[in-house]
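Should a chain be cited, it is by its letter among A, B, C, D, E and F, assigned in written order, with residues numbered from 1 in that chain.
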Amino acid sequence: MDLETTTWTDAKAAETHLALLPVGSTEQHGPHAPLGTDTLDAEAVADAATKRYRDPVMVAPAVPVGVAEEHRHFAGTLWTSEDTFRAYVRDVVGSLASHGWDRVVVVNGHGGNISALKEVTARIVRRDDAYAVPFTWFDEVGDHSSDMGHAGPLETSLLRHTNPETVHEDRLEEAAAGGSDRWGDWQGRVNLAVDSEEFTDNGVVGDPRESSADLGAELLDRSADALCALLDAIRERDPGPRATE
Amino acid sequence: MDLETTTWTDAKAAETHLALLPVGSTEQHGPHAPLGTDTLDAEAVADAATKRYRDPVMVAPAVPVGVAEEHRHFAGTLWTSEDTFRAYVRDVVGSLASHGWDRVVVVNGHGGNISALKEVTARIVRRDDAYAVPFTWFDEVGDHSSDMGHAGPLETSLLRHTNPETVHEDRLEEAAAGGSDRWGDWQGRVNLAVDSEEFTDNGVVGDPRESSADLGAELLDRSADALCALLDAIRERDPGPRATE
Amino acid sequence: MDLETTTWTDAKAAETHLALLPVGSTEQHGPHAPLGTDTLDAEAVADAATKRYRDPVMVAPAVPVGVAEEHRHFAGTLWTSEDTFRAYVRDVVGSLASHGWDRVVVVNGHGGNISALKEVTARIVRRDDAYAVPFTWFDEVGDHSSDMGHAGPLETSLLRHTNPETVHEDRLEEAAAGGSDRWGDWQGRVNLAVDSEEFTDNGVVGDPRESSADLGAELLDRSADALCALLDAIRERDPGPRATE
Amino acid sequence: MDLETTTWTDAKAAETHLALLPVGSTEQHGPHAPLGTDTLDAEAVADAATKRYRDPVMVAPAVPVGVAEEHRHFAGTLWTSEDTFRAYVRDVVGSLASHGWDRVVVVNGHGGNISALKEVTARIVRRDDAYAVPFTWFDEVGDHSSDMGHAGPLETSLLRHTNPETVHEDRLEEAAAGGSDRWGDWQGRVNLAVDSEEFTDNGVVGDPRESSADLGAELLDRSADALCALLDAIRERDPGPRATE
Amino acid sequence: MDLETTTWTDAKAAETHLALLPVGSTEQHGPHAPLGTDTLDAEAVADAATKRYRDPVMVAPAVPVGVAEEHRHFAGTLWTSEDTFRAYVRDVVGSLASHGWDRVVVVNGHGGNISALKEVTARIVRRDDAYAVPFTWFDEVGDHSSDMGHAGPLETSLLRHTNPETVHEDRLEEAAAGGSDRWGDWQGRVNLAVDSEEFTDNGVVGDPRESSADLGAELLDRSADALCALLDAIRERDPGPRATE
Amino acid sequence: MDLETTTWTDAKAAETHLALLPVGSTEQHGPHAPLGTDTLDAEAVADAATKRYRDPVMVAPAVPVGVAEEHRHFAGTLWTSEDTFRAYVRDVVGSLASHGWDRVVVVNGHGGNISALKEVTARIVRRDDAYAVPFTWFDEVGDHSSDMGHAGPLETSLLRHTNPETVHEDRLEEAAAGGSDRWGDWQGRVNLAVDSEEFTDNGVVGDPRESSADLGAELLDRSADALCALLDAIRERDPGPRATE
């Protein structure tokens, strides 16, 4: 149930403890994919899972700007500090929980958000009246996960399936040419880079020419199924808080 | 230019210093209008103004959750603390400005956000590298502004024009019956209430039966014109910061 | 009962739940009125109301510096950040409440404090052990309220009645000559200015020549009556907190 | 020059870099002395020094509530957290400095404020555009300093000289009877107590019967002289900031 | 050069821009290994690398408590919030840099610190006067890294080589018996657990019986070499800050 | 019981409510004594007291960096802000208390930490689930305390007894020659200096030539005895929290 387009009276009538909070980012995704890729993808996965889940699931509007300062050299990239991002997510999860929707999956579309989401959901579980857990869609697509990159085959495919009008297919060659093979500037297992412009000219990592709408359909199916399985796993969790002090 | 669906290369090519940041809320709007009313309305006004403005204007994705704890008793209402909200807006405006889009109008659709936006935009003007100013659409529709209420004729009309599928016209009678005439619980000029459930049963203030799609079209026209005039007024402003210490 | 000049033993003996916290500002008030105008006026109103109220009311010492950065270009103006101001007020109200004086009116003399006081008193009501509400004296003087301005007829009149030695009556002409008609630099309903020096040469808004001690007496009477009525309205309020999480 | 009763134009005309910020407290001072003792005393010392100093000195309105939670069990005691107090003082000193009054003495009347003032003035000196230093009057009265106590001979004497109407001389016997000899509950050099009610029944430490108006006059004279000497010592200090990073 | 045992004059004489900040944790490491395992290991690796590096490297004292709330159910585990930990590390790195040692490797011994260190070092690189990067020793030991676990073969081996008196070899059987095979409670790629007691009885993950002093020597050698290579890689880095706003 | 080298199972078996948290500093101690003097001394006192106390006492690893910005001009000095330091200590004490060790003495070796420790331990006592109190060893050595200085006879003596290899005895003459007699730059009772380089050339205050290992043994004995007496005094204290709001 999409909260943005639902009335409060209809929301109140839904009998569920489950909620999703899609979290995206507004950041460069190469010359071919839109700045809102991560948000659009997170919304698509949340929507697909909600549709196929057996019980009602409340879906909050997506958080559109996240932890993306690493892409700041590319025009249009927006970001908040990690502190601001965590506070925003915690407040929104807290208000979801206040209505009884206190088992919350944060459906994430951006790798840069992962650490912050892990930190804030653990804090919520321990201290607030909710159980919350992050779910990053591209980590839940089986072996495909290893092809992730940035603005590469996975993200581009999902967009070509769900939001094809936002992808410039005529720029895929250009995107591949100016991209890099690998995320980061590595010395051993240490990434010396803090900003993506240190290792990619046009922001792309991976080869978006390998994308397709069909692959996108498969990715959506896999990630939506994984999200449904996660909802099953958390629906009986105690929303806490787990007293620590 | 809608950042969410634009690539970074196309964003970079736009020659402008102007940007809009729509700011909404997810909160009860009676039994007839959606929880996302304020966001949808702010997006509609920003979009209309951008289309009619003579130069490119960058439009960030809308901030979907704001200062709305006052509606917390009504299911589906989401909120952040004022501190979190100000931090989120400041960070997003800061990243817009980092790309040279440093004259920013925050296009607001929610009365509860006004004080926080005034505070944070003044801070941005004085201390950051941007000129920012809030614009609340329903304050810019001439004499109609006095009919604002909450989920009343103005907001409902704008939705009926721009997002008619989100309005339950068959509930307008119910909405009017359970609403109240006035926002607040007053002793002189002091509002004794901090939460809207103290003075309205179903969250409505004002009479949404007075709404119409035609009025919505007029409201959109007036507010979009006012926003264009504001863009004209700020386009040559010095983005600062104005040193204070 | 003025806490500053009362012993703790006498304070303890007072049987009341009611307290006032005057809040002023130290900021320019034109060439004719003192920097402490807002504090002096808030104290005068609190004192007058306390004297005529039927039960004891505890009066804390006035907060002398508030949200006044907008006047920073004029010598002698002092200010704190909004965050600091809110924290200071919240802490003081909290300590008043700890002694059982947990229905608190914040008696305000400065327009720039209003938003911050509204925010912090709502937070107190929802989360702390007190009911608190702001009262701005010049909003409670009937039709006169529309003549407010800054260092204009209202504030000057109240001072001429209560603290006449602080007003330079021989500078009223000069004050009027260098003042402006209106607060702000407006485009539609949006104030483009963040600092008062953007729209007034000497800091005055309105015509202080229209002031008089007689008008001051009337203003004091009206605002003190309004404050007493407010005390009646809140004396049975539940001090909370109203649990939200 | 007392800022509260001065106009901004007269303040601007003063040629000085020197300012005083009196800082008091609102807290129990036994059954005989007022809750505002520390504020009244700090104001008196600042006033006396200003009058005898050879150049103009700007005097900000006193900060009336400080670090006094230790007296929270006694009615009427008000306090802020140390963080709030430091922020308030820093902001006020910063606004004084913005007008060129950037050598600031914080004239303190309360022992509980000392640590926080030392911390915040060092921060100001290192990071802000001002030189600031705390001055606690009762540490600057020669051998008398060792008789300080709380609401004891020193504070009571200064009040009897400067604000005699606030002292209940008829309660001095009672005050002495219920007081204690020593501040704290000691194990070696460690004070095991965090609140004053752990070691004094009526809040008094020391014997206020030893107070007199004559002694108060002497204390005022000594502390005002010491403050003038301090103004001499800091008038040529570089207001900084001293870069640290 | 170990700062703890060096005089400031000798520290000043060292000609280097390089520094190490070991970061450990005080947390359960099963029945056989000490609570300080992570600190001892981080110190050992920093020490070994410093000894073999061709130029002087300043070594700060180890941060002994980190992000370890996940082990809070096991006695003796100490932790700080992530915010406190980041602030502590940032301040220490900042003071190292103030002396010219502004290329800093944070030598980490605890998996729970990794996210927080990545966040804070990126902040330092972008905003402060230092280049800083985290290095986690057990990620830099080649194929062995996959055997990490918790209190398992790697950590136990390194201790048996460097601090053998701290390991209870007679408890290795017990340790293995009560441990678990895998870190976490997984649904797909999502860890449902926030605390380690949700998936291990005695805190162990992995089989410490596979540890040996010889393996410890190899691990120390590999990680020290990797750390030296990292020092080579960063010694010419620009300490910044890289302006972002 | 030294937590760093103890297993969690052995820690759990200890039956005690008592814990020590040594707190040091990494800061200049003249040309003759190590930067870690304050940490080494605090650890030595904590260790000595633990050994002679009749019951088990848990000893946390020492906090190695504290409030020492005043020594920032001398190479190798490390510091955190006071806020960070207080947060770190509070978090560590809180985790000690979570295991039932909720009567905590913070064993301090650095004068610059005293104010911050007094503030944070009072906050812990009032608000958290622990009783905590600071103990500064050099204040507990009888008449010797008046010889404290900085890197002077007391600290040097204790090191010569407990960590003799860290003291450069051949530099004592140089240390004395470049030191100063008194801490601070005084006008009356006000210290005009914020940094130690304002009043000492090599960081020394006092005459370290007066140090000896024998005096160190006496100092250790006295301070350890005082610490044991303090443990006796607090072992039955209620760990709180003492509700204040």
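Going forward, a contact is a pair of C-beta atoms (placed from the backbone, for glycine too) under 8 Å apart; a residue touches a chain by one contact, two chains touch by 3 or more.
Worth saying up front: this structure is predicted, and the values here are computed from it rather than measured.
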item: Fraction-based call for subunit E against subunit A, same above half, different below; value: same
item: Farthest chain (mean CA position) relative to subunit A; value: D
item: Chain pair repeating E-F, as identified from A-E, B-C or A-B when over half of the contact pairs by residue number coincide; value: A-B
item: Separation of mean Cα positions, subunit F and subunit A [Å, integer]; value: 48
item: Separation of mean Cα positions, subunit F and subunit D [Å, integer]; value: 30
item: Separation of mean Cα positions, subunit D and subunit C [Å, integer]; value: 25
item: Multi-chain contact residues (two or more partners), subunit D; value: 69, 72, 83, 98, 244
item: Complex contacts: residues of subunit C adjacent to subunit B; value: 69-70, 72, 82-83, 115-116, 118-119, 121-122, 125-126, 133-136, 139-140, 145, 187-190, 192, 194-195, 226, 229-230, 233-234, 237, 242, 244
item: Interfacial residue positions of subunit D with respect to subunit C in the complex; value: 3-9, 11-12, 26, 28-36, 39-40, 58, 60-65, 69, 72, 74-81, 83-84, 87-88, 91-92, 95-96, 98-99, 165-166, 168, 171, 202-203
